[in-house]
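After this come two complexes, each holding chain A, first together with chain B and then together with chain C.
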Partner chain A sequence: MSARVAVLIFPGTNSEEETLRILRDVGAQADLVHWSRGDTLPQYDAYVLPGGFAYEDRIRAGAIPAHDRMMDHVIDGASRGKLVLGICNGAQILLEAGLVPGTGPARKPTAAFTHNVQRHFICRHVHVKLTIDPSRSPFTAAHAHDALIPAWAAHGQGRLAADPAELEAIAKGGHIAFVYANADGSTQGATPNGSALGCAALLNREGNVLAIMPHPERDAHNFNHPQRRQGNILAPSGGAAFFRGFADALNAG
Partner chain B sequence: MALFCAIGLKIPDNEALTAAATLRRLGVEVGRVERSLIGRIDSNDAAIFNPNKHALALLDADEPRAGEVWIEERDGPADRFVGWRLYRADGEPADRAMLELAAQRLLCNPAIERARFPQ
Partner chain C sequence: MSRAIHLRADELARIVATLGREPSTVELHAFDAQWSEHCSYKSSRTFLRRLPTLSDRVVVGVGEDAGIVHLGVHEGERYGVVIAHESHNHPSQIVPFEGAATGVGGIVRDVLCMGAQVVALADALRFGDTSDPRGHQRAVARGVVDGISAYGNAIGVPNIAGDAYSHAGFDENCLVNVIALGIVKESEIVRSRAPIGSAGWDLVLVGKATDPSGFGGASFSSVALEGGAEADKGAVQVPDPFLKNVIMRASYRVFAHLRERGVVAGFKDLGAGGIVGCSAELCAAGGYGATIDLDDVNVAIEGMAPEVIAVGETQERLLWVLPPDITADVLQIYNQEFTLPEIAYNARAVVIGVVSDDKRYVLRHGNEIVMDVDIDFLTGSIHEELPYAADVRPTSSAADGFLTDLTDAFDGEPHYVRYDTAVRGRTVVPRGAGHAGVLCPIPGSRLGVALAVAGDPSIDDAFEAGEYAVREAVRQVVAVGATPIALTDCLNFGNPHDPAQLGALVRAVDGLAAAAGEFRLPFISGNVSLYNVDADGRAIPPSPIVACVGVIDDVANVVYPLESA
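On to the complex of A and B.
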């Protein structure tokens, strides 16, 4: 029996449909789980927190949903080794919940994806490059070293920030899974938002919780690209590779 | 001349209501929460607030009022805070212990923010 993935919907989540679509396209058995059905979450084997504005980013992005009852199940599942993926606002929720980088106790954030250096929303196509050994995490095990994944950065608060000691711990602990990169794989000038260490995605020590700020699901099909007018616009594009690795890890058990 | 002021909502403040509900869920037994934007203004500020929905209070000092904690971004604009004023169930302003608990459990992310308490 295939592993089942829950795509969580908090009040204000808005990216659940495209996230669900790409997960199913790559062979994952995925369902949307509305906040009113959070009690079904323990039945699932993995969790995805999609992008959006959960609870309107009240107080801080991710602060209120981190204490939502659905997160009780996500935190418990993560402690048992279930895979947990957060994208954009989902990534912010995972940081507020202390699940990544995971250098402190649960629900005690030690870092944040906060205001971009420009102090405004950005929307641009980016690439993220794998910076860890692929075997470090089931999320990345199917990728090549230095794998390059296309995605869309669409956020006003995507900059990794923490105190210097914590940033050093994050870097030395191998918690930065992906950094921003140019299309040729170079990293010079690639970070669009001032994120510390060029960080685009954080991983916990155990490797089962990944928080990525840009949206690979928004580069999952050719129709996401204004330049790709030839061929099958419904065909998977570069961002699908990110989810293919996730689905492979789930189905491998 | 620069003054410190607090600008809050006259209309229901959904963010404060959410903060209150979440704090209670986290074991901070608040009765009511008020939220203000705190900052310095000077005579050159052309538009400060909308009197149809905002209330403005001029502050006597540049520090939190009784029952209030100010949250500032570590790398944000100088002299700009979010003020959270907490009241106990009996209507009295929250004491320092309750403010610290509220800041620790929800209102302040120490990775990116600092909390300032009343003296």
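On to the complex of A and C.
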């Protein structure tokens, strides 16, 4: 029997449908789990936290949902090695929960995804480039070195910020799994939001918790991708490949 | 709490004569809202009949909260596109962020209440001169864009089309037109009317606790803004996109439950005129009356006057007509499964009354009847024949000085980079990438929907402005490879009591009708915004704004502009 993935819905989540769809498209057995059904979470083998504005981004994006009862199960599961993926607001929640970079105790965040350098919401198509050894995490094991993933950045608070010592620890610890990149793989001028170190995604030390700010699930089909609009437009795009690696690791595990 | 009543003396006399008595305070406020231009279209309705409204593809035409046009067939199922188009001009001028945000909130409810998934937004904006040295117009523009962005992004609906202009002609009256698109299986459409045989069914109010915000909003929108407009700030509604996000998802769940149970219900958004406006129109449309107990309404503060509960325009509310044996299930979905009372203070779904078979509209408060009128008299009998001068061609000063590049007001970037254009994962042509926005809305299907919005305020002849708006919206849809199938319009004009200003509206309608007739395209939804005049009584430039929906059988055939190929 294949592993089961829970896609969590907090009040204010808004990207659950497309996240569920792409997980199922790549062969994961996934269900939506609503905040009023959070007690079912321990039965699942992996957790995906989709984008949105959980609890209205009160205080800081991710700060309140990090203390939701559902996160007790996620924090517990992560400590047992379950795979946990957070996208955009989900990434902000994982950071506020202390699961990434994971350099401090639970719910004592050591860094923040905070207001973009523009001080407002931005929405644009981007690419992210794998910067770690792919074998370091089940999320990336299927990818080549320097793999490029297309995605949509759509956030008001996506800029990684921390004090200099913590940023150095994040960089040295191999926590920056993906950086923003241009379509040709170069990184010059690619960071859309002023994020420290060009960070687009954070990974914990154990490699089982990944927090990615841009949305690969919004580049699921060729029709979503600005440069791939001919041919089979319903065929999976690079965003689907990102999720396929996750699903394959899960079903193999 | 007190506020001005805008009913005219002759309207009041007619109410007294028909009721055979002085109206109660609640009745006075109810008629004031319901007989405002905003609710009744009393001075514009005659002319709107000149617009073509029929085609083979129209599934639900003008007259409901949103229109529906046939999109195509996927796996044997017929799908329709739902579209609604409204203005939120007056509120946005006074409190730009909240005014624009509640505009989005309202248009989303209009589409949601047809039983549809809300899949796209668009906006047409007209600002004052954003290069003004005092920065006021720039502040209005930024507030409006931030309001649209905050609301649309939070509920997770992509903004895929629109336009924006800046000119001193809008210094005292910005325009915020918003359009929402939905997708619905045609077999699952929910109507905004009490269904046949619904006498005795429950009226279930859903959403935010009723508070004094937006009290007097409908009639406020139907008069000219004056120097004392600051005092009307309380008439502007307060948005809550966080609560709306949850209400939308809970309502999708209710739609599924009603389908499983084979129940035909009625569903309508609370907008202008609040509980009275919504419940009276919902029940009158089915040929019924209603009896509502205002004490059963979930309120935010105790001790509110009954007229405030009755016609206040608290946002994020909808009203169901449900058979009593299904009510408990629906209350469970909203209140337990989606925990509305935990999302916002005293938000919930609650039974507030019943559909009656006697065509009386009755409100109770305390142990008293505070309103008892003929429902058709309240909702349907108002009409105003005003003189107009359609042959007057205005000598407008406004032929030049229009800005379409507003990036100076937005840190050097297009204003729409603040809008999420890709959420839901179905966007093919995002905002700004093509002449029209395009979605591939149905998973597994190659069917595409195109949406474009047009209007050019620099055209000072209203007839030509109307023609242009239709032709340009159609051109933009054709330019992405889609076939136009339906139009919507919003007529943003001046004071209908000024014959020349009403004449401009009439000429614009004729222009819209002429151009739509050339293409054999129907208008399936629309809106009128009047009293857009400055302190000296001068009207804004003629602003008929048109949205066009198109269909593409296969999104592989989308045509992109050369520069993005």
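The rule is simple: the second predicted complex is superposed on the first by the 247 of 253 C-alpha atoms of A that agree within 3 Å, B and C clash if a C-alpha of one lies under 4 Å from a C-alpha of the other, contacts with A are read in each partner's own complex, and residues count from 1 in each chain.
Note that a contact is a pair of C-beta atoms (placed from the backbone, for glycine too) under 8 Å apart; a residue touches a chain by one contact, two chains touch by 3 or more.
Computed from a predicted model, the values in this text were never measured in an experiment.
Q: Between chain B (first) and chain C (second), which does A:82 come into contact with in this model arrangement: first, second, both, or neither?
A: It touches nothing on chain B or chain C.
Q: Regarding the shared-chain residue A:112, is it in contact with chain B (first), chain C (second), both, or neither?
A: first
Q: Touching A:96, do we find chain B (first), chain C (second), both, or neither?
A: first
Q: Between chain B (first) and chain C (second), which does A:166 come into contact with in this model arrangement: first, second, both, or neither?
A: First partner only.
Q: So which one touches more of the residues on chain A, chain B or chain C?
A: C
Q: Touch test for A:224: chain B only (first), chain C only (second), both, or neither?
A: Touch partner of A:224: chain C, not chain B.
Q: Share the list of chain A residues that count as touching for chain B in one structure and for chain C in the other.
A: 55-56
Q: Which bits of chain B are touching chain A when the two form their complex?
A: Answer in residue numbers: 14-15, 18-19, 22, 25-26, 73-76, 106-107, 109-113.
Q: Could you list, by residue number, the parts of chain C that touch chain A in their complex?
A: Within the complex, chain C contacts chain A at residues 146, 149-150, 153-156, 241-242, 245-246, 249, 336-339, 342-343, 411, 417-428, 430, 433, 440, 443-444, 446, 554-556, 558, 560, 564.
Q: For chain A, which residues count as touching chain B in their complex?
A: Listed in rising order, the residues are 55-56, 58-60, 63-64, 67, 96, 109-112, 114-115, 161-163, 166.
Q: Would you tell me which residues of chain A are touching chain C in their complex?
A: 9, 11-15, 17-18, 21-22, 34-36, 51-53, 55-56, 118, 120-125, 152, 154, 215, 217-218, 220-221, 223-224, 226, 229-234
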